[in-house]
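Next up, some structures in structure tokens.
After this come two complexes, each holding chain A, first together with chain B and then together with chain C.
Here is the complex of A and B:
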């Protein structure tokens, strides 16, 4: 992954104990927009975008900061969705327990897949994750509890912690927003911690990190599991938002879509994946009329992005401002 | 006495103001046509259903009657997640009052759930699952054109009675295929037939070779195709390459539309038995309607699914006008109350469980020598009267009609 070296933000030399002011401003701006947005924009659309933004942030943790291109992240998103939906519908668990269970399932799956996948690197790593994701996909088609093509439908949203009625669109929205912000801050904290510094060191040169005494395998596995867990959190939440868990979320195209979101927003930037996810979901939403032609539009965008602004939207912005975003 | 009179007057006033409160939301009746615009089921419903819906709005004379009607269209790509997010947005944000058409049973059930939750209306024409008037029946939904039970009852029993007593099922692996297989198997067994085996194929599939080989190896006389659209035509075409029909086995297309026969060609499709509730060449009315339809749809005759959309939109608008409201469950209730009458299905009615009933026909596909021209494909083998063509209400297990 030599290309990843050309990432946007300059890594701070010392471990950042204080968060740079412009990042606080950017975060507050994002928070402000997301707080008022549901009163102007259709909430379900925003919730979908937020779930994908969290998914992309989790993915970015791996590709942007460890330099591992996973091509199987749909497995975590989708299987967590199935587990959460099943828990909420069949076992009748409250939403918080259902989402946690889905997240835990993704974490376990991440541990199993990660332990095997991180032994390889580059294109082999991408292929192995893809292979595992395809296994998860075919198990989802065949397994009884996933409902095959039908998916798990009519998942009850329930009441969160016994007080918040999630059937109300605004309540659901702010719960999703809280989950997103939680996940976002976890990612932020991880990449700005000593742990994150080691990850970046591994990305730049794994042999050098090992020679400095770091057990690179452990760090990579931990990052992989963290990424899988947060993807699972996004998947479980998404299943409750749409009251549906379906094959779309475990299909390999979903793994491709998250790569595109991250790339479009800006690889290895804090806010990039969020912006990328919102751009992609808006596109999907406004171009829904053209049906399967959407894939071609997405492909064209991918080509344009790689050819003209390789750092992504936020990455280019950071370059102009000369500040990491 | 005076008190009594005042009381009567009061009640009368109350009753009089009742209907006045009901009204058309935002002054527009918004109809959402949701189907597959470009995939496996695009030919049999797709853009043709939109043409049919527009014809119904014009024929009803909505503009002349001062009723503002708007039609919106969406492609659900046969995916439950896409369909349910479209339905949610239509009901929440776009003020759609009724969703009509909806092929793909898995999507039907997802949308049915949402229509009920949002208190809107759903009329299914292309979707087939008989659960829509059974376990999943709802006061917000009507099943219009046909269902898996009526197909099994038509094609299945006709084939068993003419000697096809051993069956092997090739089933699309989702709600629709499962239901069609279940309903047909029940009919086969009831008529003394036997099911030797079944195999489920992913939906949609382009390569049927391994499934066809299993069917061939089963030695069953009849290979029942519990799938639809391009899946059915692909299976039949590839079956010809494996020499299945030459080997003495026969295909039973359990759901075959006119457009499927058109794409197969009479050479391959001849002799197929199939069940439909509409064919363009049934009588003067259907011929007149279909001719007008074909003029607006690149010369293609309507399938029963598309004709069903026309009939459904017509009856929906009639009921909205009678009720002077487009409130979901109220219109559905009104639609059940009013008798139906249209050039497509003739006279009929909607049962309390949401099942629209009309006669259903068993057709046989003509030999190339019998066909007089393009689209002249079917001859009528039997007519099943409306009351017998659909599952009796007490057998569906619909909670709405349980006493």
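Here is the complex of A and C:
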């Protein structure tokens, strides 16, 4: 049976002590584009894409490097959004504290859901995470503090560390960019650390990893919590950017969307989730006029990707260049 | 607590349970042989209801014809999907099957929503099943009684075919070891195609049954299917009897929760799922893998 990894682009074969040069080039290119982009493109659009890019990177950590398909990642994005929005609006906390609190909430939720879900694999895992996320969704409808159908609106962005006024779009943009880059580098570091190598070993063959003395469950749970935490970071940031936390972010369609972004960009590639997120957000904006066509287009991309384009954009690029990206 | 309300919710629970059972049964049958989770199951259930609606509005064929024809139409649609797309994925990780059917569900639901909006179309209860019986302690609408009895019959018939007939033994053998069964000269790929068609047909049948109770709505299967996934996890994936029993039982549990603690009625199934996973990760009726 072939597994995800064979179609996941060219994963780095060995631990490289130094970062490969082409990855540095790619990273600098990405950084350059993101630094000048807000002067040409509407910043809110870019911030949205960056939040989703971080979300997709966090998701990719699980599917790409541990081989676990979570179909419930919206739970972390959405609940962190609610907590951050509540902290900023009702408790009046500064933005850094609000985002951190949301992130922490996602981490705790990730620990609880992960501890239950991690014992299963493959389709079971996907099913179970989906069901837990749905539980979070229904709780969000009913809980008082989430505001039900209305969500939490008019969340103040506040002043970061008492210095940076986040009401300024550019200030907000560069803060979001910094958060995204921080998350991106954490994921990169995690993948290329000894920890990441163990994760890949578990993905290839869990019994072998266990027989070598690794406690596979612990590693998988840690990866799950890390992924949930970073998703929470994305969710908390997104709530401040849009000054809104709503049911959309906890709904299962959001879980599907992050799968799609990562699949389109390239499962198990470093830059794939970012590219996938930017493509999907662009598509959403350009298709916003024709409403429900968006769902059809998303579905069609899913089908095409699964049938003929399993490496994704960056995965294909990496294959052509013969370098892992 | 008024007994009227209690029995009323019990009946609603049984109805929901009937749909959970039929849908999770179809998922289990498909999962057993194809090893994929059919995410398009909710969309195919919705298609069943729409086929019934079209048969009535375009050709004048009523409920009873729909009960026969809609599962066939939807099943054939499933067979076409299996032949053109799903079969290309069998050599890959099973997750790709999940992703493909998820994409298909988005497309199907999107197309229907574009055409019919999300408000829902009415479908009348067949004349023979209007009215109801006064049981003294509650009023039992005839159609709802019919849904429970009929779907229970369909479920048990499916169980009987799979567990007690020669055809079913081939199916179970192919689930265990497809290569060996093929070596005995049985056309396993065709069996896989027909099994998928059958599972999808069951979803279509459930859709016809649902049409007079709920409205015919493009999104009627979208959220339902996720609850059914939880039902499948609780029952144990691939277990035939497990899906039937847990389907009905969870419907009833959900109904009772609506009476005693309505706030939890949407989440009770997921809470049960979490508890079952703690105690028996393979589900109540699942075998250890």
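Operating definition for what follows: the second predicted complex is superposed on the first by the 315 of 325 C-alpha atoms of A that agree within 3 Å, B and C clash if a C-alpha of one lies under 4 Å from a C-alpha of the other, contacts with A are read in each partner's own complex, and residues count from 1 in each chain.
The rule we apply is simple: contacts are C-beta pairs under 8 Å (C-beta built on N, C-alpha and C of every residue); 3 or more make two chains touch, one makes a residue touch a chain.
It should be emphasised that the depicted structure is a prediction, and the values quoted were computed from it without experimental measurement.
Engineer: For the combined arrangement obtained by superposing on chain A, do chain B and chain C clash, or do they fit?
Structural biologist: Overlaying the two structures gives chain B and chain C room side by side.
Engineer: Report for A:242: first if it touches chain B alone, second if chain C alone, otherwise both or neither.
Structural biologist: First partner only.
Engineer: On chain A, which partner's contacts cover more residues, chain B's or chain C's?
Structural biologist: Comparing chain B with chain C, the partner touching more chain A residues is C.
Engineer: Considering only touches as defined above, state whether A:159 meets chain B (first), chain C (second), both or neither.
Structural biologist: neither
Engineer: Between the C-alpha centres of chain B and chain C, what angle is subtended at chain A's, in steps of 10°?
Structural biologist: So the C-alpha centres give an angle of 70 degrees.
Engineer: For A:69, decide between first (touching chain B), second (touching chain C), both and neither.
Structural biologist: So A:69 only meets chain C here.
Engineer: Return first, second, both or neither, reflecting whether A:252 touches chain B, chain C, both chains, or no partner chain.
Structural biologist: A:252 sits against chain C, while chain B stays out of touch.
Engineer: Does the superposition put A:120 against chain B (first), chain C (second), both, or neither?
Structural biologist: After superposition on chain A, A:120 lies in contact with chain C alone.
Engineer: Now for A:296: first (chain B), second (chain C), both, or neither, which partner does it touch?
Structural biologist: Second partner only.
Engineer: Which partner chains sit in contact with A:171 here, chain B, chain C, both or neither? Use first/second/both/neither.
Structural biologist: So A:171 meets neither chain B nor chain C here.
Engineer: With both complexes placed on chain A, how many Å separate the closest C-alpha atoms of chain B and chain C?
Structural biologist: Distance of closest C-alpha approach: 5 Å.
Engineer: Could you list which residues of chain A make contact with chain B in one structure and with chain C in the other?
Structural biologist: Residues 141, 292, which sit in both footprints.
Engineer: Using the touch definition up top, name the residues of chain A that touch chain C in the complex.
Structural biologist: Those residues of chain A that touch chain C are 1-4, 7, 69, 71, 116-117, 119-120, 122-124, 126-128, 130-132, 134-135, 138-139, 141-142, 252, 256, 259, 263, 292-296, 298-303, 305-307, 310.
Engineer: In their complex, what parts of chain C are in touch with chain A?
Structural biologist: 31, 35-37, 85, 88-89, 91-96, 98-100, 102-111, 113-114, 226-227, 229-230, 232-233, 237, 263, 266-267, 270-271, 273-274, 277-278, 281
Engineer: So in the complex, which bits of chain A are touching chain B?
Structural biologist: Chain A residues touching chain B: 42, 44-45, 48, 141, 148-151, 153-154, 169, 242-244, 246-249, 288-289, 291-292.
Engineer: Please output the residues of chain B touching chain A within their complex, sorted ascending.
Structural biologist: Contact set of chain B toward chain A: 37-39, 74-75, 77, 79-82, 84-86, 88-89, 92-93, 106, 109-110, 113, 173-175, 202-203.
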